[in-house]
Amino acid sequence: MTTTTTLPTEERVVRREALYFAVRNAKLLIGFAVVLSLLLLGVFGPVVLSADTPNEYVGGTMLPPSGEHWFGTTTFGQDVFTQFVYGLRTTFLAGALGGGIAAVIAMVIGFVAGYRGGLVDEILNMFTNVVLVIPTLAVLLIINAYLGIRSVGVQALFIGLTSWPWAARAIRAQTFSLRGREFVDLARLSGMNTRKIIMREIAPNMSSYLFMTFILLFGGSILIASSLDFIGLGPTEGISLGLMLQNATAWSALQLGMWWWFIPPGAAITAIVGALYVANVGLDEVFNPKLRET
Amino acid sequence: MSLRVSELRVHYRTLRGEVKALDGVSFAMDDGEILGLAGESGCGKTTLGKSLIRMDGRMRHAGGTVELDGRELPIGDDRAMNEFRFHEISLIPQYSMSAMNPTRRIGKMIGELLRSRGVAVDTKELHNRIDLVGLPREVLNRYPIELSGGMKQRMVMVISTLLDPSLLIADEVTSALDVSTQKAVAKALLGFRDNGFVKSMIFITHDLALTARLADTIMIMYAGKLAEKAPADKLIKAPRHPYTRLLINSLPEIGVRHEQRKLSGIPGSPPSLLDPPKGCRFRDRCPLAGDECGEEPPAVEIEPNHYVACWKA
Amino acid sequence: MLKVDNVTKVYKVGTFGSRTMTAVDTVSFDVRPGEVVSLIGESGSGKSTIGKMILGLTPITSGSITVDGVAVKAGKEYYRAVQGVFQDPFSCYNPIFKADRVFQLIKESYYPSVPDTEWAERVRSAIRDVRLNPAEVLGKFPHQLSGGQLQRLLIARALLLDLKLLIADEITSMLDASTRIDVLNLLAELKARGLGVLYVTHDLSLGHYLAERTVVLRRGAVVEMGLTSKVFDDPLHPYTRQLLSAVPRLHAPWEDAAPVETCLYHERGATGGLLEAEPGHHVACARLSDC
């Protein structure tokens, strides 16, 4: 890619060093390994599986896990593993899209407000606070109900558009404190413009913080998407981990002892968010040269 | 003898090992004496001040004794030291600006503080001392935030000496202040000693000129050890340790101009105290260093009250 | 070269700028090539604000600042000639990058076409100019270097440009006595290169050691300025006298400030602004006592 070849040398050095420490950091490796394996399962699983749709009826109902049905079957005779694999894909998509959109909005607003300060900051801050106090779930309910949103993409878009304010506030506060440091003044004296200073001086300093924010937004999006799915406002076709949980609850899987129906989706959501958190702690150690030495 | 410190060793625990911040320091102070403790950052002066009153969690008492008015101080035992703090030894911290509770009026705070030490407020004496440091009495009804840096510093001085401690430790109390305020605070400290509010005082600073104005005796430390200790006048006018000489020569005084007399600093930097070098610690930077400096020089009393740790002195 | 002309800075404080605070009040002075001027003041005197305005880091409320006739304009071309070094060496470096990145940023902005090997040689030569050993300081993180080394590297960085004016804002106040004098000597050496240096400080003895001319500030306004020898040996303003008398000296006790017997100002019937007491020695009305 052209971007890597035009990278200034000193940043290439930093990246090479970061990589050196990254491959030696257990927390980072474990965290990413878990997320990556679930992601790969979600991406390639459906391709490999014989079933064309996740909700296909495969025969025996309420079967516990076996060699034939790895995660057993549902009350209606659907294969839980097939649903799980498709659900992972949808869930990652909802999380990545929703979290990604929210993160981009939060970063733009947070960086600009924190760096520019003054009137720009006051206006952006007011806007952020207004969005912050809107009861997100209720708005999403109304939007979904009236517009009849039934695709994962649009659902994620609305989640993204409503869940950024706290992140914007956090990024603004961080930017504000970094802006006062003299290396920002020095960067200006080196002829760098605002955009460059934000991207090359301020953002790298809070990279682990930004990553953490993204993780939380990612997890939040998954949870909001699941909640919407849960009350029947999710995607009409397909399946998601949230939808699986909802079905399991609706058909009393817990009471019937069908643990294989609700444990996989629940555990997967926990594993994704938890592993990203562990990876974040590791990333902090990689990016902070002071933590490295100890 | 009011204070006698012998072979005091205090180490800092770090992840890379123990930093020997104070590596065998001995000295004594008389009643009524102000000892100026000077040296570069990392020489152990603040560690010495802290270890006489409260060690922080990373510090470890690795040896040596401290005796105050004939009683040995349990400096390694945080609890047992409580009996001495404030009553016998008191500290004015470096950032006294943040040492006061911002939500309490100053007068109220003093009352609470004294009650926690089981003492009642002597309002008349309090007013006396506030007058002495040149503050208006109504500061007692104000909040700390309403005071300027110099006023806060003087207020903390009054508070920390209310119980007439035997020893007062003033750690860089003037380094954040403007020159004119600095002079006022320094004079107030002298007044405290002259009025007998404190018997003796250790004045820690990196500003040798200020120490020269305030202290009776100056002790120069280098890399966790005593380099030279002498009456202030003698140390400034006739220093014997090469480090002291170079340090004094690096200070521009008003009257010295670059074109007329170019001063120079001391090349190099102090050794790491994680694993200090054998022999004299100033050896690498010393213009006089010779073979004998491979062995550690003891602090010798070369004339009355003038101690130097150098083979060449 | 540097001309500061009737510069005022008013800060808006409070919500939506409901109140104002004057940090710098109609200040005028100049710095010539090959000269160090020290700007002396206590905290709140506005000395750092003036430095920041000259560097274009803070906008000017009124008045004008020009370097060789060109007004301050934050941007590449201006910073080719005007640079700054600040108080806290550790805050001047981005902690996650190596210290020598400051040189790389200069190359990217100003000398993108210079080949890497030639640039590396220029950097090494600038580092030797500030009396450092390139092998000891290159390739290290800021926390692995000392404050003195970091400040020298920033001076070396400025020397890579076509520098005319250097603003040195309290650059020695965080350094130890044994290293600070060497950094000051470096500043003095810059004069030989024809550079102008504005040395902002609160320390009178350091200002006296280094500067040809001295500007004394009090609460945002100039109270006295002129040749350093005049201002220090024959201070006319009571504030200057008070400051000088408060400086602790190694070999002499503190003295009380000599009172001002006759106020030149009122004697000559002058009002407002600065009065030229003798050629090149300006003093403000005392306004401290009713003379």
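As written, the chains take the letters A, B and C, and residue 1 is the first residue of each chain.
Operating definition for what follows: a residue touches a chain if its C-beta (ideal position, glycine included) is under 8 Å from a C-beta of that chain, and two chains touch if they have at least 3 such contacts.
Quick caveat, the model's predicted, so the values are computed rather than measured.
When you average the Cα atoms of each chain and compare centres, the chain farthest from chain B turns out to be A. The most central chain, judged by the distance from its Cα centroid to the centroid of all protein Cα atoms shown, is C.
Centres computed as Cα averages put chain A at a distance of 49 Å from chain C.
Mean C-alpha position of chain B lies 32 Å from that of chain C. Averaged C-alpha coordinates put the centre of chain A at 54 Å from the centre of chain B.
Listed in rising order, the residues of chain A touching chain C in the complex are 8-10, 13-14, 119, 122, 181-183, 185-192, 201, 204-205, 287-290. Chain contact summary for the complex, chain C toward chain A: residues 16, 55-57, 74-76, 79-80, 83-84, 86-88, 91-98, 100-102, 104-106, 108-110, 116, 141, 143, 154.
Per the touch definition, chain B reaches chain C in the complex via residues 40-41, 149, 178-180, 182-183, 186, 206-210, 212-213, 236-237, 246-248, 250-258, 262-266, 269.
In the complex of the two chains, the chain C residues touching chain B come out as 42-43, 146, 176-182, 184-185, 188, 202, 204-206, 208-210, 228, 232, 242-251, 253-254.
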